[in-house]
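Structures are listed in the sections that come next.
Heads up, the next two complexes both have subunit A, just with different partners, subunit B and then subunit C.
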Partner chain A sequence: MAELELRRLRKRYAGGADVLHDIELSVHDGEMIVVVGPSGCGKSTLLRMVAGLETISGGELLIDGTCVNGQEPAERDIAMVFQNYALYPHMSVFDNLAYSLKNRGTPKAEIARRVEETARLLDIATLVDRKPRQLSGGQRQRVAMGRAVIREPRVFLFDEPLSNLDASLRVQMRQEIRALQQRLGITSLYVTHDQTEAMTMADRLVVMNAGRIEQIGTPMALFRKPATRFVAGFIGSPAMNFLTFATDDLPDWLTRVPADTTEPLRGELSVGIRPEHIMLTPSDAGHIEARIELVEPLGSESLVHVRPADHEARLVVRHAGTELPTAGQMTGLNVQGPFHLFDHHGQRLTTRPRLADTTCPMES
Partner chain B sequence: MAPQLIIVLVFFFWPAITALRQSLYVQDAFGLGETFAGLANFTRVLASRSYHEALVNTAIFSVSVALGAMAIALLLATMADRVLRASRAYRTLLIWPYAVAPAAAGVLWMFMLDPTLGVLTRAMTVLGIDWDFRLNGGQAMALVIVAAIWQQMSYNFVFFLAGLQGIPASLLEAAAIDGAGPWRRFWTITFPLLSPTTFFLLVMNTIYAFFETFGTIDTTTSGGPGGATRTLVYKLYQDGIVGLDLGGSAAQSVLLMLMVGLLTLVQFRYVERRVQYH
Partner chain C sequence: MRYHRPGLDVLAHTLLIIGALIFMLPVILAVLASTQTPGALFSGTLPLSFGTSGLDHYLTLLSEPVRGIGVPAWRLMLNSLLMALGIAIGKLVFAILAAYALVFFRFPFRRCCFWLIFVTLMLPIEVRIVPTYGVVADLGLIDSYPGLILPLIASATATFLFRQFFLTLPPELMEAARVDGAGPWRFFIDILLPLSKTNIAALFVIMFIYGWNQYLWPLVAMSSADNATLVMSLKRLTLSTDGTPPWHLATAMTVLALLPPVVVIIIMQRWFIKGLVDTEK
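Let's turn to the complex of A and B:
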């Protein structure tokens, strides 16, 4: 049970550039925060700084209001689940679970009781005598979770814990981790590069890019109202489509240009449209003419990859019909709202234009 | 026949069988004739006081060299691993002593510890230590032990460093988060995971101390003073090559081979049980 606060946290490696810039984040008690971003964005470094495995170059890290910048990992009372699980290969599951309690001088009877309790909680009670190499990937994952849970730490840290599992197991474990976290109510910081994992598990999402936080918010808030073009492209699957236009050369279907931006619009304007908001229409009947390049049937729906005739971009359309279009054909694209506008810095424009011939729902 | 088999036959089995045969015979001083003697060579060797002394010397020497060379190498490897996970230059520097021939290593230390000229002797004089390994048997033993350790250490270092680098950093990080301090991390995580390397080195160092230190002893103390540094392998050489007691020397070499074989067997039976192969 703890609150975690990051105040202008910075990381700089000796002789190198900053890898994290002024990270501001406060995690409420019992909250599950998922930090998501492409590889190399600094999310793992951030987690390791919270764990105490990396030094903090600037700013403050507070757990329950106490600055823990200078504290050793052990003193911070945190637990971490590693990507490769980091189970001690020479110890049995029992000893793996008991290790942290032994280090803290817990009495033997108490250790046995807590190990049994934890093993039962994670459904690994029958495995306690085994060595890690005798376990399957999912079982190892559970032991790693158990090792984190047993100590009842103030903060849980997860470093891409599911990336070594196969797809179906990943879905199952992600639900289990979430259920366990909610049940125990432990403040958690979860790092992943997988946006689906991030969306499904988070109370709030933190999207990072190149050492900075792009946006913080609930998964649905970020999905509905991405603050930057980066977030827009990162959250949602398949990813949002972007069309770029010069501000003085906007197409007919995009009539109203946002007026209340902080600075006058210059350069290029990015229009973001989610794949589910584009409809295929007969050729010549839509806003944009395009050629169908690839059709990916998924069963209940299909993903249609198209290339507009007068655009460099490649768009993905979510097509609900059971009748599949054929690749190579020309098609019309009917752009529906809601959609998203970004200026040439990639910042969201707060007012959206209205489509010329449709009354699209306004998303604010 | 496979070439390596021929080499093994010529350089191992043939001499070994010859030694075995020779140990059962007594040769005359001119090498012109020999008489079958049964186990007389063995009983004579085993009853002699100088053989017992050599046995004790060997035990002291081997245990000191094996433990010393491994402990120091492990310490250095741990420090090198912590500071420079990637630096090749440092590693190379620490490997160099292994490229020095045992005889040269002995001479090197002999010069540094020479009773009249030695650099380290001067330092010890300042400290009030009366150093003369040519007269003091204990000091002579210390000298050969130091020289042998210095030589073998680099070999051990390479293996320990490789072993340490094979331990994932995340294990030690997990242990740190689990509340284990550096000392405890070393003994509960690093050391057990290093045990295959340690076991291998224990066997190799024992063999090194028993056999390969001949050159070191020969160039520095020649087994002296008064037999204080005469180990089994050195006595075998002195009796056989210098004293021309071929039968007795052959008996000693057979005994030595049996001893090392037995020791290795014991190591595999009892020490290897504690090894964590993972």
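Let's turn to the complex of A and C:
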């Protein structure tokens, strides 16, 4: 039970390169924050700094209002679940769970009681005598969770804990972790590169790119109103499509540059359209002419990859019909909106342009 | 891999048997010769059967001061054992601690330290024996166990092997221990040592035999008869003054010198197999 606050947190390695720039984040009591970003964006480093496994080069880290910059991981009263679980291979599940309590001088009877309780909570009560190598991936994951839960820490830290599991187990475990976290009400920081995991688990999402926070918000807010082109491309699966136009050469269907921008737009304008907002129409009947390159049937829907005739970009269209288009054919694309506009810096334009032939809802 | 070719099996076994015989022949001859009477050994041919003396020579060696050496063989064995254990345990303790520091801690000149240790691999005891003797003599440790053992107690090989093993452990293990409230010593004792069990057993065998077989340094460092080791005394036994070396005693003592390393290997072998069967990684 704690509040976590990151104030202008910075990380610089001895070589001189800054890997994290002025990270500002405050996590409320009991909240699940998921930090998501491509590999190398600094999200794991951030987590390790909160854990106390990496030194903090600048800024302040506060847990419940106390600066913990100089404290050892154990003093911060945090618990961490590692990507490879890092279970002690020579210890039984019982000893793995009990180790942190033992190091804190907890009485034996108390340890036994809490191990039993935790094992029951995580459904591993029958496994306590086994060694980690005798467990399946999912069971190991549970033991790793148990090791974090048992101490009743102030903050939970998760470092891509599900990436070593197979797909179906991953779905199951992410639901369990979320349920457990909500039940125990422990403030959590969860790092992942998987946007589905991020969307489904987070109270609030933090999208990171190149050592900076791009946007913080609820999953749906980020999905509906991405602040930058990067966030727009990262959140949502399949990813958002982008078409780039020179501002003085906009197509008919995108008639007007945002009317109430004070300065005239220069350079390039990116239009982001989600795959579900493009419709296939007969050739010559849509806004854009394109050639179908690849069709991926998924059952209830299909993903159709198309290449517009006059664009470099490749677009993905979510096609709901059961009748599959054939690759190689020409097709028309009807752009439906809502769509997202980004200037040449990748910043969102919040103004409202109008489509040529339809009045479609535009998120603003 | 297994091929179903009977001919191949026969060939493989023939080669193995020939190889085993080549290695075992000197040992067999020594055992046979140690049971012969002195007269039988000087008849010109080496008998290929057990002699009439039985274990007499062994009893003589163990109970009476050996001619030309001055103490009974049990004393020599005890000295050798102390030296070998001292060297083996010392090497393990130093090597595992040094490797722990090199792998898990960040300190200035860490790489430099590693390379300094690594470079000493190139300097066997024989190369540095004169300065070593000088240092040990200055410390007043000549003809004492500390003087015998200390110069041999650091091992670059063992440090290197432990380092390689530690590098295969996931670094998250130490981080998990840190989060769990284990300090550096707790981590070392609770996690690193148990995981290194099989490596320790293997290196102990190698280092024990290395220590047991030391010849030159004990010869230089241990001058009094009471402190002589078994291996260095073997040579002294064959240099007896009256012309004919007592081969019956020399071969018996050779067999005695073989026994402790064999015992160590047999005991430690169980550990190896245990380590091979349940790999805990």
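General observations
In this text, the second predicted complex is superposed on the first by the 358 of 364 C-alpha atoms of A that agree within 3 Å, B and C clash if a C-alpha of one lies under 4 Å from a C-alpha of the other, contacts with A are read in each partner's own complex, and residues count from 1 in each chain.
We adopt the following convention: a residue touches a chain if its C-beta (ideal position, glycine included) is under 8 Å from a C-beta of that chain, and two chains touch if they have at least 3 such contacts.
Note that the structure is predicted; figures quoted are calculated from it, not measured.
When the two complexes are overlaid on subunit A, subunit B and subunit C occupy overlapping space and clash. Applying the stated contact rule after C-alpha superposition, one finds that A:H90 touches each of subunit B and subunit C.
Once the two complexes are overlaid on the shared chain, A:R147 sits against subunit B and subunit C alike. Of the two partner chains, subunit B and subunit C are each touched by A:I78.
Contact with neither subunit B nor subunit C is seen for A:A313 once the two complexes are overlaid on the shared chain. Residues 51-53, 72-74, 78-80, 82-84, 86, 88-90, 99-100, 103-104, 133, 147 of subunit A touch subunit B in one complex and subunit C in the other. By the touch rule above, subunit A contacts subunit B in their complex via residues 51-53, 72-74, 78-80, 82-84, 86, 88-90, 99-100, 103-104, 133, 147, 151. Interface residues of subunit C facing subunit A in the complex, by the touch rule stated above, are 170, 172-173, 175-182, 186, 190-191, 194-195, 278-281. Only residues 51-53, 72-74, 78-80, 82-84, 86-90, 99-100, 103-104, 131, 133, 147 of subunit A touch subunit C when the two sit together in their complex. Those residues of subunit B that touch subunit A in the complex are listed here as 168, 170-171, 173-181, 184, 188-189, 192-193, 276, 278.
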